[in-house]
Amino acid sequence: MPKVYITRRERFNAAHKLWNPNWSEEKNFEVFGKCANVNWHGHNYELFVTVKGTPDPDTGCIIDLKLLSALINEHVIEHIDHRNINLDVPFMKGQMASTENLAVAIWGELEGVIREEGCTLHSIRVKETENNFAEYLGE
Amino acid sequence: MPKVYITRRERFNAAHKLWNPNWSEEKNFEVFGKCANVNWHGHNYELFVTVKGTPDPDTGCIIDLKLLSALINEHVIEHIDHRNINLDVPFMKGQMASTENLAVAIWGELEGVIREEGCTLHSIRVKETENNFAEYLGE
Amino acid sequence: MPKVYITRRERFNAAHKLWNPNWSEEKNFEVFGKCANVNWHGHNYELFVTVKGTPDPDTGCIIDLKLLSALINEHVIEHIDHRNINLDVPFMKGQMASTENLAVAIWGELEGVIREEGCTLHSIRVKETENNFAEYLGE
Amino acid sequence: MPKVYITRRERFNAAHKLWNPNWSEEKNFEVFGKCANVNWHGHNYELFVTVKGTPDPDTGCIIDLKLLSALINEHVIEHIDHRNINLDVPFMKGQMASTENLAVAIWGELEGVIREEGCTLHSIRVKETENNFAEYLGE
Amino acid sequence: MPKVYITRRERFNAAHKLWNPNWSEEKNFEVFGKCANVNWHGHNYELFVTVKGTPDPDTGCIIDLKLLSALINEHVIEHIDHRNINLDVPFMKGQMASTENLAVAIWGELEGVIREEGCTLHSIRVKETENNFAEYLGE
Amino acid sequence: MPKVYITRRERFNAAHKLWNPNWSEEKNFEVFGKCANVNWHGHNYELFVTVKGTPDPDTGCIIDLKLLSALINEHVIEHIDHRNINLDVPFMKGQMASTENLAVAIWGELEGVIREEGCTLHSIRVKETENNFAEYLGE
């Protein structure tokens, strides 16, 4: 029984800043530079969700991609798209709005949901710009 | 003497919202939907600046691309990258933070500066997402 | 009053073949090569619709991009996405399923609809592969 | 002796549908939606073949990329490019034309061939659209 | 009779330097910076050739894209791909190896050849990097 | 403590040829074809550096991306960008200028430097063209 990895890309556009509320404004600028701009900046994020499993003989698919897309939208995109990551997103509350933390938090939102469909979440990759992306494999 | 068009791409990451301060919150949401999120959202913008001219016989170039890049950075990118378009950007003050208005405003910042270098600005193209972009030709 | 060009990208995945029903199978293969494969082949098409106009002072926009996207979906995408261009698409009936003809036919579907919204359709660009695309400006 | 992974991208344009011949038309539409369009649809597929090995000291290469490309073309692309995956492709006969099954079947076509060249096939990745891709590692 | 624009992309990988042989080494470095590296550097160039015409009613095409590709390969790519633009390319002899000059020179190689096929060359676009490209329209 | 992978992309434009100095010109052309062009050719290389670690609770980051970018520039890009890989690059001296060898050599330049920052280098990926790339994981 072959194990195949299927990946679905979704996108979200969000505002954020790198800002540690326990630090002074000066320290925030010193550490994060322009990423700490008080009035925020933002990105077109790309989210790649990879699920691992064995193709169903009747469908040829590991998971219905319409379902996978719907799950990602319901549990992640609707809460973060056209939002402020620092202020508006429940699953990022109390955390630094870094790409690394986004990948870990989105794993947390999707792992159980995908397990309930009989599949295994393999990887969450978050691309912040054409030059930067983070990946989390659940370990 | 051939007329050639040379294009330089630069990038900026910014927060914005589509929000008309003369309208109620309700009307803003009705017209702009999720783009009116009160706490902002953001984009990785791509800016394409096209200059028209005749290649210099000594250099083969219409304009030194290092200079063109420096001018775009000095007059546009430094004022808008990692900023909030509605709050932080002098050349967008008092205007709706739409892609169309960005293209027109950036033309205004660059047209004279490029003319002083003996070249002609031909086009400003602003790409907001992989699905949306605006272009202004100065007319 | 500045004239700005705004472009919306939409996508459709379709089957087609280059096949002239007035020609023999031999002549079709001779002229179109593998593009005449009897059992079809297909593409991920990208459609770029460019509208020209003056930004509305209240919104900063030429046309509401949600509306533009909805119009393109209603009049084009729903009729061609996940379809066979030669067999299933009303606006391509009786025409060769070439990229050039797609661009002209999609212009025909959208020009009046966009005019009714008070805007001017400027260009239809259809990208068939990363190496081939066609553009029609209505002339 | 370092182990390096080299990847070659090739492309093919093909028609397909998701359609289980043991099911009624109704059930096919219910499960696969528009992907079950009777008259097919199609995609620009991208195929990424990754080979693992130690660079040859004389060439610096794991495998001659011209040879790798030729093998992929001979054993895969010539049989699937500008074809109908459900009807025309020997190595997909009797299987659902899903991206997952494509990845596994292409592995089957290439694994032995690449082994005969003294190299190890590491991964087959098939990208169906900009939003969907499948990967198979041979396990 | 609609006028449609069809574009074919081809690619070439070449070495070059920006170097004016009438200038001293010092002046070359002063003007061109790292682009004047004595031992060359290089690029993956993309070439976009746009042809204008009316679709043939029998084929739906302005020009057979296999023919257009073959013409571009015969007259341009074979002379410049995996070559040194300053040293090896007949149509660039005696000229600065700039993107602007490439666009004009490639126009010169293709305009007559495409005219002989009954079509009109509309534009040559040469993309040197993801940030820089030049376009020539023959005027 | 989650382990996250963060990737930074940098770019360099360089000339090279595949040429074994111990072989005759004939054998070089026989083995490497046009890649052995005596006067060089070149590429826009993309370099992807992946670092593995646990996000710092104060910053949310594994490594400051400004620092990672600065390290890659200091130790790799400044020595190879706008250079000739065969002639100008200290860390490639005496080696074939293949993509595979580039990946291994760049690992050698960065592994210790990144370890000194308390992080673990996970992967070096070098993309030579849109069709070819190599990856090295340090084993």
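Structure notes:
All chains are identified by letter, namely A, B, C, D, E and F, in their written order; residue positions are counted from 1 within each chain.
The criterion applied here is as follows: a residue touches a chain if its C-beta (ideal position, glycine included) is under 8 Å from a C-beta of that chain, and two chains touch if they have at least 3 such contacts.
Because the structure is a prediction, the values reported are computed rather than measured.
Common neighbours of subunit B and subunit D under the contact rule above are A, C. Under the contact definition, subunit B and subunit C share the contacting chains E. Legend: contact pairs of B-C compared by residue number with C-E, C-D or A-B; the interface matching in over half of them is C-E. Farthest from subunit C in terms of Cα centroid separation is F.
Shared residue numbers account for over half of those found at the interface formed by subunit C and subunit D, and the copies are therefore classed as meeting with the same residues. Chain copies subunit C and subunit E are related through a rotation whose angle, from the C-alpha fit, is 120° to the nearest 5.
Here the CA centre of subunit C is 41 Å from the CA centre of subunit F. Here the CA centre of subunit A is 28 Å from the CA centre of subunit D. Residue positions of subunit D with contacts to 2 or more other chains are 130.
Which chains touch which is summed up as A-B, A-D, A-F, B-C, B-E, C-D, C-E, D-F, E-F.
Those residues of subunit F lying in contact with subunit A across their complex are 2-10, 55, 57-62, 64-66. Against subunit C, in their complex, subunit B makes its touches with residues 18, 20, 22-23, 31-33, 95-101, 103-104, 130-137, 139.
By the touch criterion given at the top, residues 11, 13-16, 34-35, 37, 39-44, 81-84, 87-88, 129-130 of subunit A touch subunit B in their complex.
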